[in-house]
Amino acid sequence: MSADNGKTVKSEESTFLDVRDLTVQYTSMGSVIHAVNGITFQLKKGETLALVGETGAGKTSIAKAILRILPDVSAKSKGTVIFNNTDLMQMKEKEMQKIRGHKISMIFQDPMTALNPTMRVGKQISEVISAHRSISTEEAVAEGKKMLEMVGIPAERYYEFPHQFSGGMKQRVVIAIALACNPELLLADEPTTALDVTIQAQVLELINDLKERLNTSMILITHDLGVVNETCDNVAVIYAGRIIESGSKYDVFKHPGHPYTNGLFGALPNMNLDSDRLSPIAGLLPDPTNLPDGCAFAPRCPYVTDKCRQGTIPAVEVEPGHFCECIRMDEIRKER
Amino acid sequence: MGKYIVKRLLMMIPVILAVAILIFTIMTFVPGNPASLILGADATEEQIRIKEHELGLDQPYLVRLGSFLKQTFVELDFGRSYWTNTSVTEEMMERFPRTLAIAGFAMVFTTIIGIPLGIFTAVHEGTFADRIGVLLCVVGVSMPTFWLAMLFVLLLSLKLKLLPAQGMGGVQYYVMPVIAQSLGGISGMVRTARASMLEVVRADYVTTARSKGLSERKVIYEHALPNAMLPIISVLGGQLANQLGGALVIEQVFSIPGIGLYLINAVNTRDYPVAQSSVVFLSILFSLIVLATDLCYAAVDPMIRAQFTQGGKKKKKGKEENA
Amino acid sequence: MALIEVQHLKKYFDVPNGTLHAVDDVSFVIEKGTTMGVVGESGCGKSTLGTTLIHLQESTGGKILFEGKDVTHLDKKQLHDYREDVQIIFQDPYSSLNPRYNIARTIMEPLEISGRFRSKADVRAEAERIMDLVGIEERLRGSYPHELDGGRRQRVGIGRALALNPKFIVCDEPVSALDVSIQAQVLNLLMDLQDQQQLTYLFVTHDLSVVRHISDNICVMYLGQLVETCSSKELFAKPLHPYTKALLSAIPSTDVDRKMQRVQLKGEITSPINPKPGCRFAARCPYATDACREPQQLREIEPKHFVQCCRIEELG
Amino acid sequence: GSSASETTTAAAADTTAAAETTAAAAADTTAAAETTAAAGEASGTRAKTVTLGMNTQISTLDPYNGVSTGTIYLTEAIHDQLFSAPALGAPIESEIGKSYEISEDNKTITVEIYDYVHDQAGNEIKASDVAWSYNTYLATGNATGIAKYLENVEASDDTHVVFHLKEATCKETSAADAILTGCVIYNEAAYDADAYATNPVGCGPYKVKEFVTGASVTLERDPNYWQTDESLWASLKAQNVDTCIFKIILEDAQLALALETGDVDAVNYVSADNLQFFMDDAGNALSGYIIEPFSSILCVNVSFNMFPDAGSKVANDKNLRLAIEWAIDKEGITQTIMGRTASVSYGYATPLYGDYNPAWETQDIGFDVEKAKAYLAESDYVKNGSPTLVIMTESNEVKTKAAQMIQNYCKAIGINMEVKTADTALFDNYKYDFSEWDLKIDNNGSRQSLAAMYSTFLSHEHTSYNGVPTSFNGAPEGEMSKLCAIANNVDTNSQQTVDDVFNYYTENAIIYGLWGSINYIAAQDGITGLKVQALAYAQPWAFTYSADYKGVAD
Amino acid sequence: MSAKTKKEKKTGVNQWQEVFNILIHNPNAIIGFVIVAVLIILAIIAPWISPYDYLEMDLMAAKQGPSAAHLFGTDDLGRDILSRILYGGRYSMSLGFLSVGCGALIALVIGAVAGYFGGWVDNLLMRMMDVLSAIPGMLLSIIVAAALGTAYHDTVIAMAIGNVAALSRILRAQILSIREKEYVQAAKASNCSSFRIIFSHIIPNSVMPMIINCTSRLAAALLFCASLSFIGLGVQPPEPEWGAMLASARGYIRTYPYMLISPGLFIAVSVVGFTLLGDSLRDAMDPKLRK
C-alpha cells in the first residue's frame, strides 16, 4: 500500500488496484457537492484496506466510483481506476458489467434496503452467478443454496423473501451476493454498522474467514476504529473527500500523524483506559459545496497556522508507507 | 389466501349495507315527489295520493328502508322502476355492459399504454422524450374529458364525418368515448408510473442489482419494475373509480344508454329504485375491484402477501401506512 | 441514597400474535447522582424500561419508588409533579424535536407550562441560561431543528430535558446516532452536567465502550429480562453471565496490540412474544441445559453483583 | 332544446313537441297520407324500411306501465284504442270503437265495438277486454287524464261497453273525448306486465320486432291487422312501410347530422340552430330533403305567484305585474331562443285549439317600455325597496334562456330579478310551493280545448297550499275559477265565455304566454309526405314514400 | 449533510420558507404559479376589466365569432364571452378552493379525532369513511348534488364530500405516525396538556401531506366542478361558470364551435396551472425527494 500526491508511480507487480486522482462531484439543487477530491491509493492482492471517516466524508462515494455505480444523473466522477492493468473509468458499460459482481463486488451499507423486497432471497444470489457464468438455472440455484449455507443460513430458506429475514441474516445474504462469484476485490461499505455487537462479531468473523479462504482483497469502509483494528492491514483516513493519512494499521494507530486522526482516537471512549473526559474534535465537517482553501481540517484544527489555509497540502511520507497530509506534522508528532 | 378473500368479502357486507342505507336515506329526504312527477302537471292531489300509495311512498321511512334492504339483500332483487315499471335488474344488465365497455376499455388503455409509457419516461429521465412526455401528461390530465369529447365530435364526426357522433351500435360508436375517456387516465397513469419508477430507481437494491453486473435491462425489468408496480397497482383501483365516474359524464356527451345515464336520469326523476340500485350495484362492483387490486398488490408484494395469510389486523396497519 | 428503586417491573404489549414481554420482572436501584447504564441488543426492552420509569407508558406490573415514595400509580396532579423531577433524552435527534418549533421555543415550552415563572421575560432568561449551559450558540437560537447538525440537535434535546431542573434523566441512546467526534462532545456535556447539578441518569445504549465510560453501574438486559447488574468496573473486569461475556468479547477493540478471545454466539435473538418460561438466552447459550428451561431468579452472586443464571456456580 | 331526460311527463311533454299547424293543414296532410296509402297499396310499392332518428328516450312500450315521452310516438302503431284524436279540435275517429253514445245527462257513455277485433297474437278482443283494459289502467294510478272523469267501466255484452262518469266532471267539455281516446286495449288473458314493457302485444298495425334499451326500437308491419277494411282506418293508422326503426339520438346537432350523413331517413325534430342545414332562409327545403313545421299544443308561459300570504312580491301588486308584462319583448325572446321553431303566443294559448280567438293577437299585452315604466311608477315596487324578484324555471336550456332574457328586460326598467333553476324533480316540488318564487316559467297544454286547459291550470281546484285550494299559480278561489268553470261546462261553453277568461287573466296580469313551439320534421326526399299525431310526434309508418324510395336500412 | 451545513448560514428559516425557496427555483412551479395567480387576479378584477357586463344581452350581436369588439365572440344571447369567462373564473376558482377547503376542514376534524383518540371512535369514524369511499367519488358527488340542488353552497358541499374520505385517511395515518414521534413523547414528558399536544405538536406536523394532497385535489376539483355544471348539476345559468358555459354552447357545436373553445381552454389552462403548482409543491415538500 502506498500513496502519492499526483506523481505517477509505476504500479508494482502485486498492486492490482491503482486508484489515482479520483474525484466525485454531485449536483444537487443547483450546487456542486465535492464529495471526493483527488484520492490516490493502491491495493495489493490479498490485502485489506480500511477507509475510515465521519459521515459524509465521501467513503461510499469512493467505492461506488470504483464500481461505476454512481447515479448517472446527478454524479460525475473523474480519475483513473486501474484494475488488473485496465482502466475501469474508460471501460465500456458492457465490459464493466462483466467486472461488477464478478471481479469486483460490493457489500452495501444498509442491509435493510440493499435487498430487493419483491424477489426471493435465493434468486438474488443465484442471479449474480448466472449473470457471470454460463450455467443452467438449476445449477445456479444449487450454487445459490451453497452460498446461503456458506454464510450460515440454511439452504431451505432460499425461497423466502427478505422481510422474513432478520437484519443480521439480510446482511449475510448481501455478503453471499458479494462473494458469489469469488471476486478479486470486495468493497465492503460499513457491513456491520446497522447490526448489534454480537451479530456484528459474527458477520466480521464471516467476512474475515471467507476473505482468507478465497484470498480476496478488500476495501472495508467504516467509521469504527475497533472494526478497523480487528480486520484490516492498512488504513486510510478520509476527511472531506481526501485521504489525509494512510499507512499500515499499526503505524496509523500507534503513531497517528494528522491532528484529525489524533482527534478521532481522543474522542473514542476507550475500553481500556479510565479517562474521565473525552477530548472531542471541535466543530463539524466543512460544507462540501464550499470547501475551504488549503487543509479542509484547518477550521477545526488546534494546530492551525496561516500556511494551512493556502494551496494544496502535499502528502508526506512520515515512515515508509505511512503518508500524512499535514504541514505541521513533524512538530505535532514530536509534541506527543 | 382463500380465507382472506372470504374474510374481505364478508367485510364488504356491512359496508355495502351502509351504502344502501345511506343512499336510501339521501333519496328519501331529497325534495321531490316521484308520484307527482310521474303523473304530471294536471294530476290532482287525490291522484297523487293514490299513486304514492301504490308506490308505497306513504309508509314510514323505516318500513320502506326495511323492505328495500330486504328486497335488495335477501331477495336479491333490485325492484322495478317507478316510471316504467320495468325490472331494474334486467335493465341494468342490459345497460351495464355499455358502461363497462367504456370504463373497461379506458382502463385497459390506461394500463397497457400508461404504465409502459411512464416507465419509459422514467428510465429516460431528463431526455427530450421524457420532457415532452411529462408536459403532454400535464396537459392530458388537465383536459376536461367532456370538452375533449366534444372536440373529437367536432372534428371526427362533424367535420371529417369519420365516426358516429353518438348513440349505440357497433365498435365504431365506442371509439371516441373510449379515447376521450382514456386520455386523462393514461396521462395520470404515466405520471404515477413515472414517479413510482423514479423513486424505485433510486433505491438501494437497484444499486445493488447494478453492482452485481446485471444488464441494465435486467436491472430495470427484474428489480425496479416489480417494486414500482406496487404504488401503481394501488392507484389502479382509484383510476377505475375515476373511469366509472367519468363514464357517467361521457355517456351524457355521447348519449350512450349506460348505467350512468340511467342513474343520473333516475336521480333527476326521483326514480328511487333505479337510483338506489345503481348506486348499490356500482358500489359492490367498486368494492370488488378494490379487493381485486389488493389481491394484485399481494401478488406483487411478498410482505403484504405474508400479512394476508396471517390475518386482517396487521394488513390494515400496512395499508394505512401506505396511504 | 437510592433515588429510584425498581421492583419486579413489567411492561407487556398486546400485539396481534400474543403478548409481547418487553420488560419482564426487572429490579434494580439507582443511587442519587450516579449513572445506571442499560445495555443489550436491539429490541431487548431498554427504551421501554426507560419510558415506563418516567410514566410515558404505564407499567403492567411491579413497583417504582422515587425518593422512597411509591410512584407506580399516579393521579393527574402527582404525575404533573413527578414529571418535573424526571426527564428523557431521546436517541434520534431528528425525530425528537418538533420541526415546527425553533430552538428557543423548544426549550421555553416546558418552562412556560411549569408556571414557575412570572413573566415571559423570566422564561426567556431561564431558557437563555439553559442554552448557554448546553452550549447552543446565540446565533442558532432562532433556527429550526432541520438546520442544525445532529450534535447540536442533541444539545437542544438535553437542554429541553434540563429545563425543568429534573433530578433524574433517562438518556435513551443519546449518542448512538452521532459521529465519534460529536459523540464525545455530547458525552462530555452530559458528564459535566451531572457533576454540576447532581443529576442521576439511566443511560440506555448498546455501545459498550460508551456505557463503560459513563456509567457507575450497569444493567445487562436480554429479551426483556435483567440478566446481570453490578458496578461498571466489576462488570468489565469480571462478567459472570454467559451473555455478558459474549457481549463484552464481541466489542472490537482499538488496541492494536491486544487480541481478544471471542465468545461466538450462534443464532439470533428470538421473539419476545409469548416467551416460554426459563432463561431466554438459553437458545443461544453455549452452556444451556435443561435446568435453564425452568423459571430463573436474579441472584446476588457477589456483593452488589446480581446475575440471573442457574448455572453460574458451575460455570465459575 | 333537446333534453337528455329519458322520461318526461306526457302532459308537460317536451317543449320541442309539436302538432299540426292549423286544423286545415292537418286535414291536408291527413288527406295526403290517405291518398298515398291507397296509391301505395294499388301499385304495390310499400316502402321497405324507414329509420327515424328520435331525440326522446323510449323506456317502455306499454302505456299502462309507465310514462315516457318516446312511448307516445309508437302508441298508434302498436296499439289501438277505442277512438283516436287525429288533431286538436278535429272529431275523434273510430278505431276499435265503432260508435258511441252519450246519455242525456252526460253521466254515461256507451260504446259499441267491432265484433272482429283481435290483437297481434290473434286473441279476440271483446267488450269485457275493453272494460278490463280501462279498469286496469285506472288502477295503475297513471291514468290521470281519464281517472279524473271516470267512476267505472263495465261491459254490457260482447260488443258494448258502458262508461260511468263522475258527477262533478260529467259536464266538462272534453270529458267524452278524453275518455274515449284515453286507453289502449289489450286482451285480458294475454296481458303480461313484464313482457309488455318491451314487447307488448297490441291491436295496432305494427308489431314490436326488437327493443334495445336506450338505443332503438324496431317495428314490423302486422299483415294480419284486425281491421281489414282500410277505409275504416283512422288517419294515424297506415302500413306504408314494412319495417319501422326508431333510433334514439338525443343530441340536436348529432340528430341533424344523422339525417345529413344518411344514418337515418327522417328525424322527429330539428332544432332552430340546425334548420339551416335543411332549409333556406325563405323556409324552402334544400334539395334532397323534405321538411315541414308542425305546431304544438304546448304554450310556454310566465305566471305570477298569486298566493296571498306566502311572501310573493307580486301577488298584491297588479301594476308591478303589468309593468313586467309590458317590459317583456316576447317576440324578441321567441325569435332569439326558438328562431323559426316557435310562434309567439298570444293569450295563454296557441292557435291550434278550436276555441282560440285570433282577435287576442291584437288584444294581448305587447312590448312597450314606456308603458312598463308607467305601470312600475304606479306600483309599490320602488316603495317596497326594489326587492329582487325570483323567477323560477326548470333547468332546461330553453326555459333557462327565457328566464335570463326576462331578467334582462326587467332590469332595463329597473326591476331586479334573480333566476332560480331547478331540475325537473325539484321544479315539480317547488312549483306548488308559493314561498319559493314570484314568477315561474312553465309550459302547459291540453289535448282537448283551451277551456279545458284553462280550467285545469287556472281554477282553484287544481292544488292546495297551506290547506287553501289554489290554482297552479297560487290563485285561491275567486273570479278566475268561476270564469273557468263557466267556460268549461258543456252547457255554457262558448267563444264568449272563453274570451272572458282571456280578458280576466290579461287585464289582471295573472299569466302571460311566451310562445308555442313549432316542431320541424325533416326527411330525405324519397319521403314525400310527413305525418304527425296530435302532439306533433312523427308517425313514420304513415309517411308517404315515393316509388323509388330506399331506406338506409335496406 | 451538505444541504444542512449550507443552510446554517441562514438560520431561522422554517420549513415553509424553505419550501418557498425550492419552489422559486423550479420553473414548473413558476409557470403554475403565474397561471394560477393570473387567473385568480383576473377573476378578482373581472368587474373592472371586463369589456361588457357579463349578463348584458345584445340580441343584435348574438352568436358572433371572435372580433375586435368581442375578443372571444358572443354567445347565443349576445353576451360577451370574454366577460363571461372572466367572471366565470370566480365560480370555478372559488368552488374549487371552497370545496377542497371544506372537504379538508371536515377531514381535519374527522382525521384528527380518529387519529388522536383511537379506539372505538377511530373505528366508527373510519368505518364511516369506508362507506363513503365505497361509492366512487364522482358518483357520490353527483348524487349529493342532485339531492341538494344547485345553489352555490350545495355545489360546494356536493364537491367537498367527495374529498372527505381520502383526506381524513391521509391525516389520520399521519397523526398515527406523528403520535409516536419522540418529540410528542418529549412534550408529554414536559407536562404538555393533551390539547396543547394535539394542536401545537401533532396537527401542525400532520397537515403537510394533506396540504400536498389538497393542492393536487384543487386541479381535480376544477375539472369536477366543470363536469358537474356540464351535466347540469352545478352552477346554473345565467352565471357563467366555465362548465356551464360549455354545456350551453354544446348545442352550437356544429354551427358556432367557437363558443366551445374558450371556456374549455380556460378550464384546461387553469387545471394545468394547479397541476403544475401541486406537483412542484409536492416535490418541494416531500422529504423523500429532497435529500
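First chain written, first letter: the chains are A, B, C, D and E, and each begins at residue 1.
Please note the rule applied: contacts are C-beta pairs under 8 Å (C-beta built on N, C-alpha and C of every residue); 3 or more make two chains touch, one makes a residue touch a chain.
None of these values were measured; they are calculated from a predicted model.
S.K.: Enter the minimum step count from subunit B to subunit E; a value of 1 means the two chains touch.
M.R.: Counted as steps through touching chains, the separation is 1.
S.K.: Suppose you hop from subunit A to any chain it touches, then on again the same way; how many hops at least until you reach subunit C?
M.R.: Tracing touching chains, the least step count from subunit A to subunit C comes to 1.
S.K.: With contacts counted as defined, which of the two, A-E or A-B, has more C-beta pairs across the interface?
M.R.: A-B
S.K.: Specify the chain most distant from subunit C by Cα centroid.
M.R.: Using the mean of the C-alpha atoms as each chain's centre, the farthest one from subunit C is D.
S.K.: With chain centres taken as the means of their Cα atoms, state the distance from subunit D to subunit E in Å.
M.R.: 46
S.K.: Using mean CA coordinates as chain centres, what's the gap between subunit C and subunit E in Å?
M.R.: Roughly 48 Å, centre to centre.
S.K.: Between subunit B and subunit D, tell me the centre distance in angstrom, where each centre is the average of that chain's C-alpha atoms.
M.R.: So the centre of subunit B lies 40 Å away from the centre of subunit D.
S.K.: For subunit B versus subunit C, what separation do you get between their C-alpha means, in angstrom?
M.R.: 53
S.K.: For subunit A, which residues are shared contacts with two or more other chains?
M.R.: Those would be 55, 284.
S.K.: Can you list the residues of subunit E that touch 2 or more other chains?
M.R.: Within subunit E, the residues that touch at least two other chains are 1, 5, 146, 149, 250, 253-254.
S.K.: Can you list the subunit D residues in contact with two or more other chains?
M.R.: 251, 253, 257, 423, 426
S.K.: Subunit E touches which residues of subunit D in the complex?
M.R.: Subunit D reaches subunit E through residues 1-2, 251-253, 256-257, 271, 273-274, 276, 332, 335-336, 395, 397, 400-401, 404-405, 407-408, 411, 419, 421-423, 426.
S.K.: Using the touch rule from the top, collect the residues of subunit B that touch subunit A in their complex.
M.R.: Counting only subunit B, the residues touching subunit A are 125-126, 202-205, 207-216, 218, 222-223, 226-227, 230, 300-303, 306.
S.K.: What does subunit E use to touch subunit C in their complex?
M.R.: Touching subunit C: residues 1, 4-5, 7-8, 11-15, 18, 181-183, 185-193, 196, 200-201, 204-205 of subunit E.
S.K.: Flag every residue of subunit B that touches subunit E in the complex, lowest number first.
M.R.: Counting only subunit B, the residues touching subunit E are 14-16, 18-19, 22-23, 26-27, 29-31, 138-139, 141-147, 150-151, 153-154, 158, 199, 241-242, 244-246, 248-249, 252, 263-264, 267-268, 275, 279, 282-283, 286-287, 320-321, 323.
S.K.: Can you name the residues of subunit E that touch subunit A in the complex?
M.R.: These residues of subunit E touch subunit A: 1-3, 5-6, 22, 25, 291.
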